[in-house]
Amino acid sequence: MALDKIGIAKRIAQELRDGWYVNLGIGIPTLVANYIPEGIEVEFQSENGVLGMGAFPFEGEEDADLINAGKQTITVREGAAFFDSAMSFAMIRGQHVQLTVLGAMEVSQNGDIANWKIPGKMVKGMGGAMDLVASAENIIVAMMHSNKAGESKILKECTLPLTGVGCVKKVVTELAVMEIKDNKFHLIERAPGVTVEEIIALTEGDLVVPDFVPEMVL
Amino acid sequence: MALDKIGIAKRIAQELRDGWYVNLGIGIPTLVANYIPEGIEVEFQSENGVLGMGAFPFEGEEDADLINAGKQTITVREGAAFFDSAMSFAMIRGQHVQLTVLGAMEVSQNGDIANWKIPGKMVKGMGGAMDLVASAENIIVAMMHSNKAGESKILKECTLPLTGVGCVKKVVTELAVMEIKDNKFHLIERAPGVTVEEIIALTEGDLVVPDFVPEMVL
Amino acid sequence: MNKVVKNVEEALVGIEDGMTLMLGGFGLCGIPENSIAQLVKMGTKNLTCISNNAGVDDFGLGLLLQQKQIKKMISSYVGENAEFERQMLSGELEVDLIPQGSLAERCRAGGAGIPAFFTPAGYGTEVAEGKEVRIYNGKPHILESALTADFAIVKAWKGDTEGNLVFKATARNFNPMMAMAGKITIAEVEELVPAGELDPNYIHTPGIFVQRIFKGEKFEKRIEQRTVRQK
Amino acid sequence: MNKVVKNVEEALVGIEDGMTLMLGGFGLCGIPENSIAQLVKMGTKNLTCISNNAGVDDFGLGLLLQQKQIKKMISSYVGENAEFERQMLSGELEVDLIPQGSLAERCRAGGAGIPAFFTPAGYGTEVAEGKEVRIYNGKPHILESALTADFAIVKAWKGDTEGNLVFKATARNFNPMMAMAGKITIAEVEELVPAGELDPNYIHTPGIFVQRIFKGEKFEKRIEQRTVRQK
């Protein structure tokens, strides 16, 4: 059965390593913070200017001056720090953040990503995504494998305006975990109960399928 | 009679204007702070990271963590701010400092200045001087008109390695106040009791001398 | 050096049609709301506004958009504003979208006398069109230029009479860099204190960058995404 | 994320002959004196040291110069050190002198992923030799590149277990930018406090830039120019 958003977040959380500073994008990536594996410690950076994000505030304790990059009210942990946007992107551009997780509308087999614009229809802007994808050593994309019409978003080439080129290393969808290398998607794991055939059917880009594709353990 | 260092500092202090942020170099320029004309308010910036420098500390109240760019112990006024070196030179390079006063070994008639190196003999380094002279809109040089051998330091062309090109607007020496424009020195004032002839004799660069050269009023 | 002006009316004197303004804030967090309200009142037109976001439909810069006071927006993210999207897609509004980090750095550069710098952000995208590309450390970078403004309008938590500013939590965001980059910088603050009351070790924006400061009359500080957990 | 190491010995593990180090401080103010003493003890050689100054003859980096541990200095001002001048003029020591503002900005750039930027400082001087020149706003600027280091060693007033740092007065100087630019950044602090004790609003260097932190055993904090007035 395909994963729900929480499943995708849980699977991505398995990629976290002790001591990492991590930037989580808006949407599914934000949920990753709820599933940090036991025994490891990570710090969350939000590009609007905070390191050491904590849980959402208790009702009545929201502070309009304390939000994350998704404009949600947050709290901070002990040892947190606030800083300005230039400093925040110094951390990102300077590769001090070890992992970036973000959403996408399309990903291509050479690691291109598109997530900020549909010409003539929707333009939200790139926000910090272009800085993040251009700089991060380690980028995981959390996305749906296909759109509502059933068309693949895992492509040979992106059709939408790009956010970054050749930067995505790993993609986690409701169906599969894929690595990108040598200009191809490589199927690493499948969601519980999802068959390799289902994944192949919804993947437009070149997909390397090994003999044995393990099921995710969540 | 030629001015002493205090005289030079007093004369330069007359150039201060209300509301200016001012950077004073090491040596004579530092003394300028002692002679702020009445009724005006200026703030002193020191490039090692302080705005709002005050007087020297009382004996026993020195703080090793609080110095000016000349490494002298200082105090700060109310409303002071500390910042890092990048921020300090953002102020300087970004032209937020209205006046820079610094010393020189040589100045030339096109506004070049040399003050950091004597090849083969002495190299102290430029410190912040190159940033200051390249950026400041308004630079006054405090210097001696000639060296101990009686050779002019007010030159057609600098002989020493340059600190900056075409940047000096005004020079105050023990003998005279000169403006630099149209590739010439222009004699504006003479020190009390100093004759125009004495100044001409010690000025190697082209010097424009008006019919009447007023004496400084200190 | 006293920078205090009486009120928002006096603070915004000199802002004219066609000028370029920088406005601090991320989303609705840390925006100069009193000044924005006054700009609506003044009716100043054809503004170019540099601001990370464009507010929401009925708050923040959205208020200026409603009144069609803005000719051009320079922003990184405008996703929360339907009127913005409408004006942009219809071509009424010029929009220059810039990666958030490049926007922050370009404002800082403008204030710091750095006319241009290289960044990897945006290489290979629309953002890089017409821009010089160079390889550093094996990675392509594009040349981005400094941004400045006729007026920068920022919002601080506390400020003193000399213009020194302190920001609270994530309401800091773009405010410090924009304060550096305005030919004239106006700060509206929640608390205005005498010089000497702010610890000089912990000033975020030194007063040298601020020309006018005033205590805002009222701060609504609207929350965009109230998100809570249960006790 | 606990960054605390036991002592200076543990803090400096991994520093080897031929490496590039950044060392914070302006003059003798805000220098990592415990780490410098340890470097003398370790006897590490052929170091390239990036530091605004080179200490005085018998303190600060002067101690490393005495032991001939430094192959190359990258500094802006070295006027207080006779041994330095001697080694430089004799050619024993390579020296790269850089305008102070360019040095600060190049360290920041190194930490911030900006590989190069334009600055007016040094145009028309020896510093500009071999560097690209461009005119911006009618003024020539030169292209300067980022600096990074194998290790950055900084000195802070207070630090917490997560590596967050606070500096005191003008002892801040180059420390924050160098902290950003080290592949590994070591912080020696006067006071080491538990996470949560420093106000997150007033952190100068966020812990993300610091890999190791320790409480310095002893701070002499020598004053170079004791200047006083009479009561």
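The chains carry the letters A, B, C and D, assigned in the order they are written, with residues numbered from 1 in each.
Here is the rule we use: contacts are C-beta pairs under 8 Å (C-beta built on N, C-alpha and C of every residue); 3 or more make two chains touch, one makes a residue touch a chain.
On a predicted model such as this, the values are computed, not experimentally measured, just so you know.
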Set of chains adjacent to chain B and to chain C: D
Between A-C and A-D, the pair joined by more C-beta contacts: A-C
Chain separated most widely from chain B, comparing mean CA positions: A
Centre distance in Å when chain A and chain B are each reduced to the mean of their C-alpha atoms: 55
Chain A and chain D, separation of their C-alpha mean positions in angstrom: 36
Distance between chain centroids, defined by C-alpha means - chain B, chain D (Å): 28
Multi-chain contact residues (two or more partners), chain C: 105, 108, 112-114, 119-120, 167-169, 200-201
Contacts with two or more other chains, residues of chain B listed in rising order: 50, 82-83, 86, 89, 92-93, 135
Contact graph of the chains (line, ring, star, complete, other): other
Which chain pairs touch, all of them: A-C, A-D, B-C, B-D, C-D
Chain D residues touching chain C - in the complex, by the definition given at the top: 105, 109, 112-120, 134, 136-137, 141, 166-169, 200-202
Parts of chain C lying in touch with chain A, wherever the complex brings them together: 26-30, 52, 75-80, 85, 88-89, 95, 97, 99-105, 107-108, 119-127, 157, 167-177, 204, 221-231
Residue ranges of chain C touching chain B (in the complex, touch as defined): 1, 108, 110-114, 160-162, 164, 180, 194-196, 200-201, 203, 206-209
Chain A to chain C touching residues, read off their complex: 46-50, 55-74, 76, 82-86, 88-89, 92-93, 112, 116-117, 120-131, 134-135, 161-166
Residues of chain A defined as touching chain D within the complex: 19, 21, 41-43, 45, 50-52, 76-83, 86-87, 89-97, 135
